[in-house]
Structure formats: structure tokens, C-alpha cells
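Below, chain A partners chain B and then partners chain C, in two separate complexes.
Showing the complex of A and B:
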């Protein structure tokens, strides 16, 4: 396997689109109900946890970019091979592929759960799985440029929903934010850690990096994207805190959608139905990017055809998502993946950077 | 290659769409009975009487509403039982008001409200209300002056909330206050009045301790609760001030009318309040309220062109509001209910208070809650 990747010029895309990729892959399923997990730790100071989590993403993304810069133009699979050698590298890369698939699985399964709870309680899960996976196969077959284009559209189709926070804001009670900083630093950090599931997604940087036209501009757009996501989350968190009482947040499963409950328009009694249906546009980038990165791994490590890997993964995703059929199992999956992602997304990049940097340094010495 | 996927994709997409629409439960308007109001009463120790007011979509029907009642052990149980005697399926997507009888409310209604909050087809803006007497009687009664009790009841409540004479009693507000540590719910209290009970009136507000009703206050006192709990933006009130305040400015003929108070009507009221926790061990909260408004009516002829008279009136109004307000607060303390949310003020000003409901009720009982009001008359209409 070649360590450096030099995709054909017609596959490259402009760097500013990286912003949409980062936001598209971060915003997905977590934002529908991240409030209560953080509230459990940090209470009404959760918004501070959101800021802390946001800042940490900048730090991690910076390290990721530094690691990638050491090689010029490569992806995580190339770095793994260089750092760990052929066999160990393959094992690490396979683990990462499993992690990526888990990301796709979580998005898929949680979205189906939301649709079933709110809109079609009597429609079977497999049907939605088939529909979503079909769209996913269609998108991933189109290649990276199609996926990036979709991310671009997806942001514009969903970001206006932030304006809807005006409705719950009418019921706002600012008193619920005070006293500020009642939670201890440890609680705030714990809360920030619970943000993991919601805020991850920017690790896609590792895979998409070689496809950028101007690689030196990657940092700027990555950080802009991360900032945008953090601002959205912060806004949602603050509005939820002042709209709900603490116990209400702790009970609500999909707090963000629950807030839509208060919107009543003359021509549309219940807005959630529109919101949830449109949310498919926000979760598709997750599905597409994660699966694409995973199939790309199969191609890079095992020289599979990307198409074959895609079919295999689709069947796996379908099977597992059918198996996870109750709220309890889904919660267990979310909890597990939250913990797992924390180490993979937050801790691992630092370790990888140190090893990679050390190797480069050794080579230069010799 | 790409085109093949496109064609196959399109056909699969269309078939999947067809299959999905076939799978989901259909909801055809003609086959639905839309619940607008649901009333609940206690029948015996553990059975409920649910009264469902449904909209009729049948142009041939002589009445625009249908009323179905049935008894069961749970609220959703009554709905299922009601379906047995209906040609159309009852659905709750258009539910506007749920009415609970006073008797039921005194036992606690959280399990009935919780099921509303749990149901995704019900919006957060459904109103909750308490009925004096049985909810069934109010809903079942044929009112000659209005045909559709369902929409009428909804509009009565919503009109009064918009006019700021009632505190918003939505499902969201109930659940919010119920799960807050330091604030209690307050809901409109409806009763039938007039000859043969042909009128439906909001006669006051029901006070709650969590989900248990503990008392009623008349609408006049609701004003003060609202003043302290929310902000006024366009409310109005009738208030009385003692006659001697304006005594020397009145004509001799008017002075002779004895000692009846003078009545004033203020409207376009807007208020802002500041709360200050002075003592946290034995809670003392000082509240300062600033109100501005327009003097709309005075029950006596008074020369309003002189600034000193206006100042006198302002002072008298402030004093009257302060007295009334403090009385209402004392009453609420006695009933051990905190619809104003002093508990939240305590919680938000004391770090690490770990306030719980029980703790707060204990403190609330003998907390010192002082109210100060400052009234400014902005204008007095088009003539002085």
C-alpha cells in the first residue's frame, strides 16, 4: 500500500467545502437530545460544558491537522501503515473502520427510532432502514464529490431551523440559568465528556484530507466549521435550559424536537413532523461520510473494490439495525459508543501524533 | 454504470415510498372524531369518567359537536371505551383543553397530565383547566348562546390569556412548574353560572401544591400573582383607593357621598420586577415592582390636569396594590403554594442550596416576602 495518497485532480474539491463536511458530519443524531446527558452531570451550567467541549474539538482538530501535515497528503490508513508497519497497521485500521461503521449505525438506528416514536409508530423498522440505506448506497456510489456536495446542501436545508428556537424562547425564564457556575469544574468536565457522541464527526478530517485542493487552507475551514457547530449547540443548550425546568430536561429523550412541540402555526398544527422529516438531510452526511470512509479503508488496506465493500457494509448495517429493536438496546449502544468515541476521537489523535512525530524525528536523525 | 444505478434507484425509491405509505396507519379526516376538549371526573375510588367533546365533520349532523362519556381506570382507557360507542375514531391531535374536576384535582392529577406530555400527537400548548363541580356536567350541558362548547371553552381561556387577565395554563407550563423545585402551577377555574347554568365563566384560579389542588383565588387576586410571576405588557385592572386621598380636590357635592372608595381602571399596564434575596437562612425576599399604565376611568370627577393630583393618585394606587399584593402573598403562604416562584428565586440566588420541594415548603411557610410597588401613570387618555 502506498502511504501517500494522490487522488486524481478531478476528484479534488475546494478547501472551503471542508467547512460543510465538518459541520455536516458533526451535526446529526446527537443534537436531537444531547441536553439531558449533559444535564445529568453539570445541571443548569451545562452550557459551559458545551463551550468546553467546543474548545476541545479545536485542540483535537489542530493535532489531527499537525499529524496529517507531517505526511503532506495522506489519510489515516496511510499513517497507520507508516507508523505501525503492515500488520499492526492493518489491525488498527480495521478497528477504525469498525468505529466508523458504528458511527453510521448509531445515526441510522436513532433516526429510525425517532421516526417510529413521533410519526409512524406502527411502521416496521426494516422499511426505514431499507430506504435510508438505499439512499446511502446511492450517495456513496457517487463518490466523494457527490457526498461533499450533499453536505453543502444539507447545511442550508437545516440551519434555518435554528430560527425556530424563537418559539420556545417566548416561554423563556432566564432565572433557570442562575446561579452560574454552581457545578464544580469536575462536573463541567464530565458534562463536556458526555458531549462526545454529539460533537464527534470531525475525525472525518483524517480521511478527507488528501482530497483537498489547497491543503494549507484546511486549518482555517476546519476551525470555522467547528466554531459554527459549537455555536449552534450552545444556542440550543441555552434555550433548552431556560425553556424547560431541570427535571423536564432530565426526562425528555429528544429535547430539541420536544421544543418544536410548542410551535403552532395556523396552517400547521404540529411542526415536529416537518422538522423530523427534514432532519433526514442532517443525518445523511453522517451516513454517507462514515460509510465512504469505511469503504475507502477496505480499498486502501485490503485492495477491495470500494463498491463491494459498500454492499457488504450496507448488509451489516441493515442486519445490526434490525437487531437493535428496543429503546434499551439503543441506549446501551449510544452509551457504549459515547465512551468508545471519546478515546478514539479525543485521546487517540494525541498518541498518534506523538508516535508519528517521533518516527519522523528519528528518521531525520539517522 | 452511473445511469444504471439511477434507473434502478428511482424504481426502488418509488416502490419503497408506496410500500411505506401503505404500511403507516392512515388518518382520513372523514373517519376521525377530533377531540377538542376532554373532561375527567372521579366516579368512585379508582374509576375515571372521561367526557370527550368531538368535532363533527358530517354536514348532515344537526349538532356540530358530539359528546361521548365513558368510565375506565385510566384516561387512555376511557378513550378506548368511548370508541366503542362512536362511528368515528377519536384522535387527540386537535385537543385544545383538558378539564379536570375540582374533586379529582384535589387528589392530584399528575398521572393524567403525564400521559398527555408523553403522547407525541398532543402539542405543548394544550390548556389545562379545573372545573367547579363535575367536568362532565359542564361539557354535557346545552348552552343556548353558543353551539360548540369545545371551541368556546378554548377561546374563552386563550382570549383571557392574551388579555393578560389569566396566567398561561398550557401543558408546557404545568409540566414545567410541576418539575421545578420552587414554583407551583396555577390553572384557570371554570364554573357554570347564570340561569340554569347557561353561562360559562372563569371565576378564578386554582392553586396547586405540585399536582394537588389546594385552593382557589378569585380573578382579582390572580392579577397580583401574575404581576409577581410574569411581566405585564398590556393588562388592565380595576382598583380602589380611599376617598380622602383626593378629598380636597373634589367638589363639595361629591364629598358628601360618604366614605366609599374611589374606583379607578388602569389599562395597557406594563410591569417589571426585581427580586432580591436579603436573608437566606430565614428567607426574606424583597420584591420591587414598577408598573406603568394609563388611567382609563375614574368613578368620580377629578381634575387630572394638575400634576400634584396625578402624583397623589399614583401614590395611592401604589399603596393599594402593595396592600392587596401583600395580602395575596400571605394567603398563598398560608395555603403553602408558591405559584409566584419565590422558591426559584431562592434557588437561583443561593449557591449549592440543594433545594428540594419539601425543604422549600418548610422555609416558604414563614418566609418574609415584602412587596413594594411603584406606579407611574403614563397618560390619561385623549382629554386631561
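Showing the complex of A and C:
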């Protein structure tokens, strides 16, 4: 396996699109109901936890970019091979592929659950899985340019929904936010840790990096993207806190969509039905990017055809999503992946950077 | 299938099947020549062989009476030849005395046979192995009329006709520049259809020209009747429902596109020019957008975009909300909806499909009917079906409004091809909405989005300028900015000469009281 990746010129895309990739992959299923989980830990100071989590993403992304800069133009698979050697590298890369697939699985399964709960209680889960996976296969086989294009366009079709927060804002009680800083530092950090599932997704940087036209601009757009996501989350968190009472927020599962209840237009009520349907545009980038990165890994490590890997992963995702048929199982998956993601996304980049840097340093010495 | 793309490197097999195998050159004796021509052309009754007795030499004319202009042959050839004074004129002398511009000397029999079919006349001289070919082509062609399918209120009112020469001339009239190149190609083994590729040298990108030329010349088919067939063969993805190259009947539009650095293809016998590369949004633009003021044009363009979305999503949304999500309908709206649907025995999906089908029947029947009968269509469609369907309790009044609005919106799309595409897309969307409600609609929308992202036109992204985002082309997409903004050519065409005029001087602003 070549450690550096030099994609063909027609596959490269402009760096500003990285912003949309980062946001597209971060915003997904978590934003539908992350408020309750954080609120459990940090109470009405949850918005501070969101800020802490946001700052931490900048730190991690900075380390990721530093690691990638050591190599010039490569992805995580190349770094693994260089750092750990062939066999250990393959094991680590395979683990990471599993992690990526789990990301796709969580988005897929949770979205299906939302659709089932709100819109079609009687429809079977496998049906929606087939439809979503069909879109995924069609998109991923279009290649990275199509995927990035989808991230780009989908943001424009969904971001206007932030404006709808004006409706719950009309019922805001600012007093709910005070007293500020009632929660202890530990509680705030715990709350921030609970944000993991919602805020991860920027690790896609590791895989998309070689496809950037101007790699030196990657940092700027990554951080802009992270900032945008954090601002969105912060806004949603604050509005939720001042809209719901403490008891309500602890009971609402899909807090964000519940807020849409108050929207009333002359031709439209119960906006959450529209919102949930539109949300397919927000979860597709997750599915596309995670699966693309995973199939790319199979190509890079095992020299598979990316198409074959795509078909295999589609079948795997389908099988597992059928197996996860109860709320308990899905919850267990979410909890597990939350912890798993925390170590992979937040801890591992630091370790990898230190090892990679140390190896480079050793080589230079010799 | 009558065509397939030829592999590169295979040489063209040249015209051998049509001429007699043993003769490649023109025989010197008249009798032999007559025999050869007759053997090749069998017994075509419209072939005329006319011999002239001239002192010393025997001159023979061969031509198709159906393809040639009788006046030219009588006045410019026969009378001249009869009045020839020289005792035994040479070929050059005859050529000089003919008052006709296009005259060629040839020895090849193949060329003779081919040009005879293009309306040329062969002048054979006894005892000589080379002969004269004279262009006497004259066929009645349809006069230049106003554009029927792309009719405008403002702007030039002329459209192409079926003659390649006239069509090329129309474009040359708009672009009187030596830089306008006209490359002649030939497609179809039997039909030998003349195809012209037009572009402006130094403006059109070299790479695009080469790609298009390669795509046309590598086609191997035996017939080509119309440019709308050619466009399906040279498109990037002929499986897609979306047209990827523009077909237009307006010479002013083709000229404007050529000046942006695009390429045009004209096919003999077709009143439509192919223009490429094109983008999705261009199918929703007209040349009239440039003839009216910019704010008007912008308004109309936005109107068309709204109409497109309405046309695709309005009926599906109705079906989805009535079948699954009646919660989203406000109670004030629910009452009239329920009242109008109270008598309807069908589920919304069936009701909508029925009405959409009726509209499509009406449209198709209207397009096929002779104009005199066409007037009855309005009565049949409007009164009988519309009124009666509601009274009979087959459909609801509200759905008729929605479906009619959708149909109306789809006709605002200026390009006929794109309008048809949009109407076709509606049916799967209604089905999806009827089966999976809002989720189904969004599934269809995502599919369309991915599909459009995957398409390209002559290698250029189809969804440009939205993705990849190009600010300069965005100024001329859903909006049409004033002309001072268009100082550069489109990014899409990768034009070699990018500038049109000096932007700074155009945008110079005056101070107060200057």
C-alpha cells in the first residue's frame, strides 16, 4: 500500500467545501434530541457544556490536521501503515472501519426509529432501511464529488430550519437560564462528554484530506465548519432551555422536533412531520461519508474494489439494522457508541499524533 | 439497434459498395460512362442524361431532375454550352465560361456518384477522363418562419428551417467574424447526413471542441434523420431522464451561446440546433430574458423556478398529507377539504393519478390533433371532464385546482424537453407520496438530487453554478443581473478568451452633479 495518496486531478475539490463536509457529517441524528442527555448532567447550564464540547472539537481537529500535515497528502489508513507497520496497521485500520460503519449504522437506525415513531408506527423498519440504503449506494457509487455536492446542497435545504426557532422563542422564559454556573465544573465536563454522539463526525477529515485542492487552507475551513456547528447546537440548546421547563426537557426524547409543535402557519400545522421528512437531507451526508470512508479503507488496505466493499457494507448495515429492533437495543448501541466514539475521536488523535511525530523525529535523527 | 460506438483506430470503409468494383475513374467514352452510371444507379427514373452535339466533341450532362434547379441548368449550362464558339473547347475553357460559382474538376467516380445525390450536375466530355461537377442544387425549402416552440414577445422572430445552408447562414448573419468556424462532418453510412459543428475560435475551449468532434465522428450508424436523434447519441448519459444538451430553434440563441464559448451542432434536414455544454438551470432560461430589462427577467426566472417546484411537488404533497399526515392540515383548511372529498370514493393516490392521467391525455391529444379539430379539445377537457368528474364524484374540486396548477406550471418551462421531463418525474413522485407519505417525497427528492449531481454535459458538471458553486455564473442563473455584470464569459465553458469588455469602465459611477 502506498502511504501517500495522490487522487486524480478531476477528483479533487475546492477547500471551502470542507466546511460543508464537516458540518454535514456532524449534524445528523444527535441534534434531534441531545438536550435531554446533557440536561441530565449539567442542568440549565447545559449551554456551557455545549460550548466546552465545541471548543474541544477545535482542539481535536487541530491535532488531526497536525498529524495529516506530517505526511503531506495521505489519509488515516496511510498513517496507520506508516506508524504501526503493515499488520498492526491493518488491524487498527480495520477497527476504524468498524467504527465508521457504526457511525453510519447509528444514523440509519435512529432515523428509522424517528420515522416509525412519528410518522409510520406500523411500517416495518427494513423497508425504510432498504430505501435509505438504496440512496446511499447510489450516492456513494457516484464518487466523492457527488457526496461532497450532496453535503453542500443539503445544508442549504436544511439550515433555514434554524429560523423556525423563532416560534418556540416566542414562549421563552429567560429566567430558566439563571442562575448561571450553578453546575460544578465536573458536571459541565460530564455534560460535554455526553455531547460526543452529537458532535462527532469531523473525524471524516482524516479521510477526505487528500482530496482537497489547497491543503494549506484545510485548517481555516475545518474550524469555520466546527464553529458553525457549535453555534447551531448552542442556539438550539439555549432555545430549548428557555422554552421547556426542567421537567419537560428531561422527559422529551426528540426535544428539537417537539419544539416544532408550536409552529402554526395558515396552510400548515404540526411542522415536525415536514421536519422529519426533510431531515433525510441531513442524515444522508452522514451515511454517504461514513460508508464512503469505510469502502475506501477496504480499497486502501485490502485492495478490494470499492464497489464490492460498498455492496458488502450495505448488506451488513441492512442485516444489523434489522437485528436492532427494539428501543432497548438501539439505546444500548447509542450508549456503547457514545463511549467508543469518545475514545476514538477525542483520545486517539492525540496518541496517534504523538507516535507519528515521534517516528518522524526518530527518522530525522537517524 | 442500428448504431454502436465505433472503436478507435478502425479505419472508415470508403463508399466501395456503391460504385462498381472494377471502375474507380471516369471512363473517357460517353457510352461507357452512361453504362457505368446506370449500373450504379440502377434505373432511377429521375436521373436525366442529356447529350449535346458540339462540333468535334460530344458533351453529356448527368443530373437528378428532382434535386436540381431546372432554371440553372437551362440558363447557366445548356445555353452557355450551345453558344460555345471554340471548336474543341478544353475543360478549363468550359469551366471559365460557366456562370456558376461552385465548379469542380474530378476524376473519381465515387465523388461523382456522391455529388450527383447532393444535386450536382456532371458534365462529361467525350474522350476525357476528367469531368466537371457543377453545383446546380435547387430544392424548395420551407420559408423562414417565427419560432413555434420557443415563441417570444420580444426579440428576433426567426427560426431555423430544414436547410443546413440557410441555418448556417442565419448564424453567420449574427456573428460576422472570421473566427466563427464551421466544421463539416458526415454521419450515417446510408444517409450521409451533413453535420456542421460551429464554434468561435479563441473563445470556445479547445478541449470541448475535440471532445465533441470525437463523439460525433466516432459514431457508427447507418442513418441520421434529425438533430434530436444525434443529441441522444452524443449525450453524456443517454439513460437519464434529463436532457443534457440544449436543443433550440432560435438562431439568436445559438449565436449568444456561441459567444459564451459553447459549441453548436447543426444537422442537415433538422430545424433544431444542438448546443453544449448546457447546465440544468439553462433549460429554464430563454433568450428573451436578455431582451427585457434585468429586473423583469429575474422576476420571470424566479417564477419559473417556483413553477418547477410546484409542478413536481404540489400534487405529491396533497396526496401525502391527505393519505398519511392529515395532522399537518390546519383545521380551517380541513373543513373545505373534507367537504370536497366527501363524495369521492377513491383514496387520494388513485384520485390524483386519475386526474394527472387525464391531463396528460388532453395534452397528448392536443399535440396530435389537427388544428381545426383542436378547438374541441378545450371544450372536452375543460367542461366535460373537469365539471363532470367533480359532479360524478370521481374527484374533488381542490384536486382539480392542484393538478391544473401543476400542469400549468410545467408548461412555463421554456424548453420542451425539460418540461416533458418534469411532467414525467411527477408520476413516480405521486406514487412515492402515496406509498410512504412525506418520507417518500423526500426520498424522491434525494434521489433526484444525487442523480442530478452525477450528471454532466460534455464533461462539465450539470448542476453548475450551484455545485460546484461559481459566483460569476450564479449572476446569470436564477437571477439575471444587469449587463455591466457580464464582463466575463461563463466559467462553465472554460472559454479561452475570458473577457468580454472592461468591467471597471462599465461600472463607473458618476458623482452627484457631475
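Here are some notes:
By definition in this document, the second predicted complex is superposed on the first by the 366 of 366 C-alpha atoms of A that agree within 3 Å, B and C clash if a C-alpha of one lies under 4 Å from a C-alpha of the other, contacts with A are read in each partner's own complex, and residues count from 1 in each chain.
Rule of thumb we're sticking to: a contact is a pair of C-beta atoms (placed from the backbone, for glycine too) under 8 Å apart; a residue touches a chain by one contact, two chains touch by 3 or more.
These numbers come from a predicted model, not from an experiment.
In the superposed model, A:13 lies in contact with chain C only, and not with chain B. Of the two partner chains placed around the shared chain by superposition, chain C is the only one that A:274 touches, whereas chain B remains out of contact.
Of the two partner chains placed around the shared chain by superposition, chain B is the only one that A:178 touches, whereas chain C remains out of contact. Of the two partner chains placed by the overlay, only chain C lies in contact with A:149; chain B stays clear of it. In the superposition on chain A, A:262 makes contact with chain B only, not with chain C. When both complexes are overlaid on chain A, the residue A:245 reaches chain B alone and has no touch with chain C.
Applying the stated contact rule after C-alpha superposition, one finds that A:120 touches each of chain B and chain C.
In the superposed model, A:131 makes contact with both chain B and chain C. Residues common to the contacts of chain A with chain B and with chain C across the two structures: 119-120, 123, 128, 131, 138, 142, 264, 269-270.
Chain C meets chain A in the complex at residues 324-325, 327-333, 436-439, 441-443, 445-447, 449-451, 453-454, 463, 466-469. Put simply, chain A touches chain C in their complex at residues 13-14, 17, 115, 119-120, 123, 128, 131, 135, 138-139, 142, 145-146, 149-150, 152-154, 264-271, 273-274, 276-278, 280-281, 284.
Within the complex formed with chain B, the chain A residues making contact are 117-124, 127-128, 130-131, 134, 138, 141-142, 171, 173, 175-176, 178-179, 182, 244-248, 251, 258, 261-262, 264, 269-270, 272. Those residues of chain B whose C-beta lies close enough to touch chain A in the complex are 2, 5, 9, 12-13, 16, 19-20, 23-25, 93-94, 120-121, 123-125, 172-173, 175-177, 179-181, 341, 344-345, 348-352.
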